[in-house]
């Protein structure tokens, strides 16, 4: 059995969620790695948008920023933030692919502050393009670390709305109909959302992880259906492609 | 019935105020606007100025102007932080900043958070109003279009909205709920571009981020350019004009002007320099040493580049060109 | 309290309808979209289609598609008439048009009014809803931005407003009166460009008029291009992409495709041809002769260009280049 | 004394109204000729915008359309209708320079229909960019023919609003403050607007024209102040430049 790290596993499981021939708006860090991996494996025709304005680039080497020259390399069009997000606003972006410091049971994401807004314990970067991608894209895929603090019942600050507080809440708030969180990938499991309640639901546990471990490390009552499976381990091919993408382990090595 | 964010509107203007400013203050003539970094900062950047910076925080940023603002010890700036990274962080290090319209700030993307930026917010020194990259872009676009607001469909249902200065509104045709984003007309914007002529016509390669709109929206625009070109560069191929001359107040030639940031097609990040800077950010003392060496002890950007050294600059070009 | 225009909203859509259309009908993939004028018209242009035409009425217009629509005897079209000139007039001559969102129509600028166009309106055959060039552009921009409307400051206080389908509204921040322009999502737009690749990436030289937004706003986009180029043309210089591929449904190579209109940098107006056409417009009989000769009796645009003749085409190129 | 036509005189008088170093949005026909003449005489730094998207072009030869390639020749920027009109909306266009089939005493312009809108006697082209330029530019200059029908008390259709029905009406309608009609040039006279009443006011009669003739050919009560002057006749220099601009008399010869 090939050895792999938890981050490598998150990257491969995350990459599997992306459909070939669709458009994904990609945030910084692991979402970038997972999207590039999808292009090099099962989704060669996946189209990547980066928020600074790049459409369908051919990323040659690991970018440091979603706005740097690697992310615009051989793009079909170089526009700007408005150009990307207006394309999303008119329904052309299929997936938002985001990270988050906290994610709650309705898929709301916090990347702004821990503690009170005006006297924060930890100031985080804020929305960036996350609220925009998450509000305007059809399906949002989220990557987060799995523990009770990072997956609380309620995030302390909704930077990017998930299903807010349940069914119908997005539409009532004025967000585009038919949108919302789709998958959450952590270091322990892959999760989706229950169609009826809009609450987070376990899909698969990663190899070697038990359902109980997942439950114990989740800060809310995770829906656990009967048909929980085991996430596929990274293949040798996938691990090799990950090495190609991030040879120095800048993100994968974290 | 309609909610509104409780954040402070750091910079407000009516549509008629935008018009009056543009009528009375923006030169329509094709006049030579070449100047120096020092003159431009002295003329346009004051204590309390609301400042917007072109590029993407560490990509295509105008470091000559940022260093000069720090060197001039300008205080109480308010900043438009649509992916603010190294640009904002250096201004915070220089104690120039009081408030930020935050979309993304106090962090360096894949490199992690900035201790300097975090410290400034967590200590209460810097006030934050929350926005998003698109909503700040659309606020700027509203001013560029001469409108007091633009509607949009993001922000709704979030705490980002609650700590912003946006409002809910209803579409006059469909009745659907929308967010209304108030126009943002920065006092000054500083934009680094690939090509400019002496009149201020500018061309940007790669993503524009929001700089085409920003130049139209701002009261004053200072441009630094990798290369100064004759106006025929634009007149022979007017599709490549990202910013027309009448938006621009001052033009400065500044090769390598985005260092240590990336300049698409020109040079990549100086990661060593950024790593050292972030390390210095661990405490105020080291940060002072950094600023002493790279900002206060040099007279201008040419001297700064001498400190960086030709070897490094050549290396960053090769890196950018994937050689 | 708030007034509204009493004109009919010829084509309406909510923001969610725009989104649903784009989700379900626009291909995201880089697929080969090369086709023929005939196939594209048969596939996309139906009786009653709301049609928008790129360019400026007699500049950069897609005549191969317009002639094909006439040849196919498509009826009851509704047209977005933002400086509609020869494009609309030929469709009216072919009896294809029922209604026009008029900004500018039924006239040929310095050449005067069109008798054919006037006759169609004055006889009651064509219904007119009034707009302006900017308000139609902003309606298209609203759809391109995924918004149900855009605010603006024109139209107010005019009969143009009264015979439009716009509404007055109030700014949520300043309380000032604004006009609200409903989004316009044409069923089909036909756009003639300088360069396109087989995927639909397009580049336009000279003024874009509103074609960047139009391509984003329309349900279906058919492009004719002076030249088909490899995708590296765009990927090597992505700033020159006026329209990204995913907006486009069909691509056709069509050199001289704007004849007898002007194509910037390529060829100037065929004034002789336009003069003869306008003369034929004096009565329906002459117009039928014109259409018989130039549209119905030829099978395609190649045969039409043979009728125009190489000598004339070369002359128009020299004229454009001021030689 | 050099001979000149009425159209040549209108072109020269109109050109005098444009200030050097300002931006003018120019409509088709005579406004185009008069703006090009101003650039070749007293206002070499006049900046012309054409509505199709051209900024500050160097027009090489007489255009047929405001959107043709002559109008974008050697421009500093090629944008579109929205690009031009948004520049106007934010207060950057100093002068709108328009023609009109009918102009009334408040400077309202009709270029849409003669007769009822839905069953017109004469269908005219409509607004084009006229309503936009006239609503959004600071000062509007209008060229029209002078007779009772063309200068009625009230235009039958306000395509482009002037002062609508008097002082304050533009602002009340929601149009940008401080804007409005500035000059009207006809084949008989040059007129402005009374600051207090916003009504059309005679400034100068063209050489050989009497104030009575102007009065008799105006469809409303034109304000006639004591200091009416005589418009300057075209100079030889101006006539020569007009010939350069329109050598075939396409517009000037009308």
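We just call them A, B, C and D in the order they show up, numbering each chain from 1.
FYI, a residue touches a chain if its C-beta (ideal position, glycine included) is under 8 Å from a C-beta of that chain, and two chains touch if they have at least 3 such contacts.
For clarity, every value in this text was computed on a predicted model and none was experimentally measured.
Engineer: By CA centroid distance, what chain is farthest from chain A?
Structural biologist: D
Engineer: Between chain B and chain D, what distance separates the C-alpha centroids? Give it in angstrom.
Structural biologist: Measuring from centre to centre gives 40 Å for this pair.
Engineer: Express in whole angstrom the distance between the two chain centres, defined as the mean CA positions of chain B and chain C.
Structural biologist: 38
Engineer: Between chain A and chain D, tell me the centre distance in angstrom, where each centre is the average of that chain's C-alpha atoms.
Structural biologist: The mean C-alpha positions of chain A and chain D differ by 58 Å.
Engineer: Return the distance between the CA-based centres of chain A and chain B, expressed in whole Å.
Structural biologist: For chain A versus chain B, the centre distance works out to 28 Å.
Engineer: Send over the residues of chain C in touch with two or more other chains.
Structural biologist: Only 15-16, 146-147, 152-153, 176, 178, 205-206, 238-239 qualify.
Engineer: Could you say which residues in chain D touch two or more other chains, in rising order?
Structural biologist: Residues 54, 72, 78, 89, 136, 176.
Engineer: Think of each chain as a node with edges to the chains it touches; is that a line, ring, star, complete or other?
Structural biologist: other
Engineer: Let me know each pair of chains that touch one another.
Structural biologist: The complete list of chain pairs in contact reads A-B, A-C, B-C, B-D, C-D.
Engineer: Of all residues in chain B, which touch chain C in the complex?
Structural biologist: My answer: residues 2, 12, 14-16, 146-153, 167, 169, 171-174, 176, 178, 180, 182, 204-206, 238-240, 242.
Engineer: In the complex of these two chains, what residues of chain C are touching chain D?
Structural biologist: Interface residues on the chain C side: 55-59, 81-83, 85, 102-107, 109-111, 113, 117-118, 121-122, 124, 128, 130-135, 137-138, 141, 152-160, 163, 168, 176-179, 205-213, 262-265, 268-269, 271, 320, 322.
Engineer: If we count contacts the way the header does, which residues on chain D are in touch with chain C in the complex?
Structural biologist: Spelled out, the residues of chain D in touch with chain C are 28-29, 50-54, 60-61, 63-69, 72, 78-82, 85, 89, 112, 117, 119-132, 135-136, 157-161, 164, 169-170, 173-176, 250-251.
Engineer: Spell out the part of chain D that touches chain B in their complex, as residue ranges.
Structural biologist: 21-23, 45, 47, 54-56, 58, 72, 74-78, 86-92, 94, 136, 138, 176-178
Engineer: Given the complex with chain D, which residues does chain B contribute to the contact?
Structural biologist: Within the complex, chain B touches chain D at residues 15-16, 18-23, 26-30, 143-147, 199, 201, 216, 231, 234-236, 238-239, 241, 244-246.
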